[in-house]
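In structure tokens below, several structures.
In the two assemblies presented below, chain A is common to both, partnered first by chain B and then by chain C.
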Partner chain A sequence: MKEKIFELRDVWKTYFMKGIETNALRGVDMEIKKGEYVAILGPSGCGKSTLMHVMGCLDTPTKGRVFVEEREISKLDDDELAKIRREKIGFVFQAYNLIPSLTAAENVALPMRFSGHGRSESQKKAKEILKKTGLEKRMDHKPNELSGGEQQRVAIARSLANNPEAILADEPTGNLDTEAGREIFELLEDLHKKTGKTIVVVTHDINLAKRAHREIRMIDGKIDK
Partner chain B sequence: MLDLAFKDLKEHRVRTILTALGIFIAITAIVSLGSISMGVNELITSSTGLIGADTIFVMKEFDLSEMAGPPGSFQIEDIEADVVEEIRSMSGVKLAVPIISRPFRGLFEVDGLDMDDVDIFGGGDLEFKEGTWPENDDKGAALGYLVANMLDVVAGDYITLNKKEVEVLGIFEEGSGAYDLVILMPYDYADEIYETEGGATQLMIEPNDISLVQEIKDTIEDEFDDLDAMTMEDALVMMEEMTGTLNIMTFGIGFIASLVAAIGIIITMYTSVLERRRQLGIMKAVGALRRTILIQILEEGLMISVVSSLIAVGVSFIFVDMLNNVLLGGTNLALITPALAIGAVAYGVMLTIMSSLYPAWIAVKTDPIKAIREG
Partner chain C sequence: MMWEAMLREFRRHKLRTILTMLGVTIGIFLVTSISSFSEGITYYVNDQIAVTSGLVTVVEKGVMGFMIQQSEIDQDLVEDVESISGVEKVAPLLFATLDGVGSVTGTTIESEDIIRGINIEIKEGRDYEEGQKEIVLGYTYAERNDYVVGDTIKIEEVEFEVVGILEETGRDDFDNSVAMPLSDLQEIADKEGIISIMMVQPLTPADADLIEQAINDDFDDIQAASDKSIMNSVNEMTSQLNLMTFALGSIAALISGIVIMNVMIISVRERRREIGTMKAVGATNKQILLTILLEAVTISVGGAIVGVALSFGGASYLNMILLQPIALVTPRLVVQGILFAAFIGIVSGILPARHAARLSPIEALRYE
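Then we have the complex of A and B:
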């Protein structure tokens, strides 16, 4: 039986805005095993992104317990969470979130630099990863010189930089046209097939979600069973 | 990760230049003012070193407030000839050297004294660039290097003092300390030029024994109401007070400049952190530790401060050179010592790092989710 990579037990996330309490997650229980390709589906505002952020150690739950590779992360401090993000999880965001002053290769090298690797070693490895994502001719371009699809490929390459166990992609095709969106999904599928990495994709596109091996549906901050 | 810090500075040129400008102004102000302070201290130290510890200076009382005004505009009243004679004949006085002093073009001074007494003022070992000492019966003067340089004269030329032509008999070698700024002539000739009728601007008294210094001082002050007698100890205290005041002024202005620069740095760095909030959020999201963010912001401060402080010190050298040559008539009054230059760069770096701490702390506290979502 495969090991669990993510496990959530009765996870709540509550926001207080102008005195109003909003529960983005309401007692979520779920687990994802290593090597799975999972799509998280649901309407806008149902808590998909919050779930992704809590799972990916970008945010901590208000209540409940979150485990990454069986280590509880709910009570860890900023730096311990950053280390887990850096080594175990790769993020892909809807808005790409590349650093505008850095080239594609430098953006990809960034997580490796944060892990203590030298500049040239990181750049070399970043270029190898970019080649695999089909961007060998765009490595030295800055984000504003790349198309949306290319920027998302760079973001995927960056998520692979430290060879993490899981890739979490939050609406990775949300800012792309249909063709570019399809290419990004193919890239993620290919990645899953070739490397066996755990892929978790948040999307509201049912057609794209069907390409995943398992679908998790969310509604009003809960898993729809 | 200095390369990343450098890229950020390059990317935000205006902000970088503004931060650098604040540091540049503060360091230039500190080095330039500090150089004047250093130069004056150096001059006073070298001057006091020339005179013996048992010397007493006597001059007419004057009010310090009268000294306000352009350099050289103030002249102490002369001591009358009969008073000079009376002091000379006092018991315990071995030697009383009358000196006629007149300011010359602001920075310089004409001193008339018995040429046989030059040794008392540490002048005996001075070397001449050209010419030699005037004899007591000569009608001429020896010029300090800077005086000759400013007047553009050589030995054998004439200069005008009190509307009379005076022959230049010698010029001291460069670097003769306080003598660089002096026109020295025999007492009798100075008496003739300035029509002092045997009087003196100041008397320098050497007692028979060092133990008599205080007694002679007290006697002079008791017997002559309008005279001030000052021992070397008094003179040193006064000079220390003067240099102390100058140092306080210098560093006071430096402190205000630093404060303004520090506020400028905090504002520009803080604005830069707010501008880059999204970028900092991304960095944290992909694994940057708090320390990494802190170091990057401080590295940016370090780079700006090292470069701008070095430029400031370089510009200060040019400024001080202009100050010495243009405004101070070729003197080396303003002096940038290696300690001042190195200290100023170190201070600039420290000031920037300290001022960057708060913006860096704000950067460290960036919440990646909020920063990415809200930009």
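Then we have the complex of A and C:
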């Protein structure tokens, strides 16, 4: 039996917007084991991004318990959550979220810098990772000089910077055309095959979701069983 | 921690960064320039007091102590002052700036022991004699201009002979001096019957205050000050200057602090997404706080460095107006200006930095 990396028990997330209460998650129970390649699927607004944020320690649940590597995170403070994000999880966002003033290599080096590694050491490692994601020639370019597909590759490289246990990708192909989207999925698949890292992808594209080893379907803030 | 990102951020908003710095630059420039004046005057007066110790200085009424170059007194008053009880001796002095040599001091042979009260010997040659077109040079002056005893110098179209060179004293005013008999200087500078100041030597030190008072009470055209009262009035002036500097400094700090805070708040708001991303990839609240704080301090200290550099120019300008090298930007003022700016940066940056540090990574990511 493989170790669990993420475990959610009766997780609720409630937002208050202009006095109106919205339940983005309504009692989610779920677990993901180390090394799994999972797609979270569902229509927009079903709460799949919120689920990923809670899982990835970007957000805290209103109710319920969340475990990362068996450690309950609901009670951790900001610094401890930052440490988990930095060491255990790599994020890939729909809008890439690269720092526009930094080059591709500097963006990839960023998580290492926050871990306290020196500039040149981080840069060197960042360039090695970028080479593996096929961006050897674009390392010194700024995000606005790169195509959408290339930017997302940089973001994936960044998610690998601190060699985390899991990669969480939130609609990674949402801003890309079909071809570029397929390439990104191939990169993630390849990554899973070569490194055995846990990969969780949120998507609404059924065809892409089929490439994952397991699908979790969400509807109205719940897992559709 | 993230210097490169910060420097690029500044470059991205070049004009905004420069304008923000400018506020600090102007503030620090003004404060340091004014301080350089009170700093310099304290040095200057302390230096002078060593020479005038125990003497009463008499100048034209209304002329401030450090502008004695501009003082003009009728030479006939020397006799009147000599007749005041308690006065032992009066030394008349004339200062003039002449073609060929620069500033020259003229006095009488008899009063030299008052002026060179700190026992300056003539190192080479002899003292000047009246009416012979002779001059005595300070050590540094002679050295720098390559003059030796026996040389002639053309002053205002008249040839003077260098008859003596003073020993080195380590004091600028003596080492750089050019001295000649009072009557010769009056003639060549077209100031017949006029002197700049008188140095009065009392019979006993206790007489100094009485002489000062007698002159100030009985004469319309001149004023007197003992070294003690010079010290007092200088202290009063510098403390007033310091008060003014303090007021100006506070206003400058307040204004530039508000400007920096405003810019940092805008900058943090603009970069909410970036800050959120940094937090998502593992930056702690403290790392974000320090990054933003460092930006504010860098802007502020950067501005201060320019301000301090400009204040050297400001001090030179003041000295040009005053015709004397008084204003002095000391290392203490440089350090003070930069530390003050760092303080402004920290105080004005703390609020935006805390705001940035507390942004939830998810709120920041949502911000489009």
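The definition used in the following text is that the second predicted complex is superposed on the first by the 225 of 225 C-alpha atoms of A that agree within 3 Å, B and C clash if a C-alpha of one lies under 4 Å from a C-alpha of the other, contacts with A are read in each partner's own complex, and residues count from 1 in each chain.
In this section, a residue touches a chain if its C-beta (ideal position, glycine included) is under 8 Å from a C-beta of that chain, and two chains touch if they have at least 3 such contacts.
This structure is a prediction, so every number in the text was calculated from the model and none was measured.
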Chain B versus chain C on the shared chain A, clash or fit? clash
So, does A:Ser101 touch the first partner chain B, the second partner chain C, both, or neither? both
Using the touch definition from the top, say if A:Glu87 reaches chain B (first), chain C (second), both or neither. both
First (chain B), second (chain C), both or neither: which does A:Arg158 touch? both
After superposition on the shared chain, which partner residues are touched by A:Lys222: those of chain B (first), chain C (second), both, or neither? neither
So chain A touches chain B in one structure and chain C in the other; where do those two contact lists coincide? 53, 58-59, 78-79, 82-83, 85-87, 91, 93, 95, 97-102, 110-111, 113-115, 119, 158, 161-162
Would you tell me which residues of chain A are touching chain B in their complex? 53, 58-59, 78-79, 82-83, 85-87, 91, 93, 95, 97-102, 110-111, 113-115, 119, 158, 161-162
The residues of chain A that touch chain C in their complex are 53, 56, 58-59, 78-79, 82-83, 85-87, 90-91, 93, 95, 97-102, 106, 110-111, 113-115, 119, 158, 161-162
What does chain C use to touch chain A in their complex? 1-2, 4-5, 8-9, 12, 273-274, 276-287, 360-362, 365, 368
Residues of chain B that touch chain A when the two form their complex: 1, 3-4, 7-8, 10-11, 278-279, 282-292, 368-369, 372
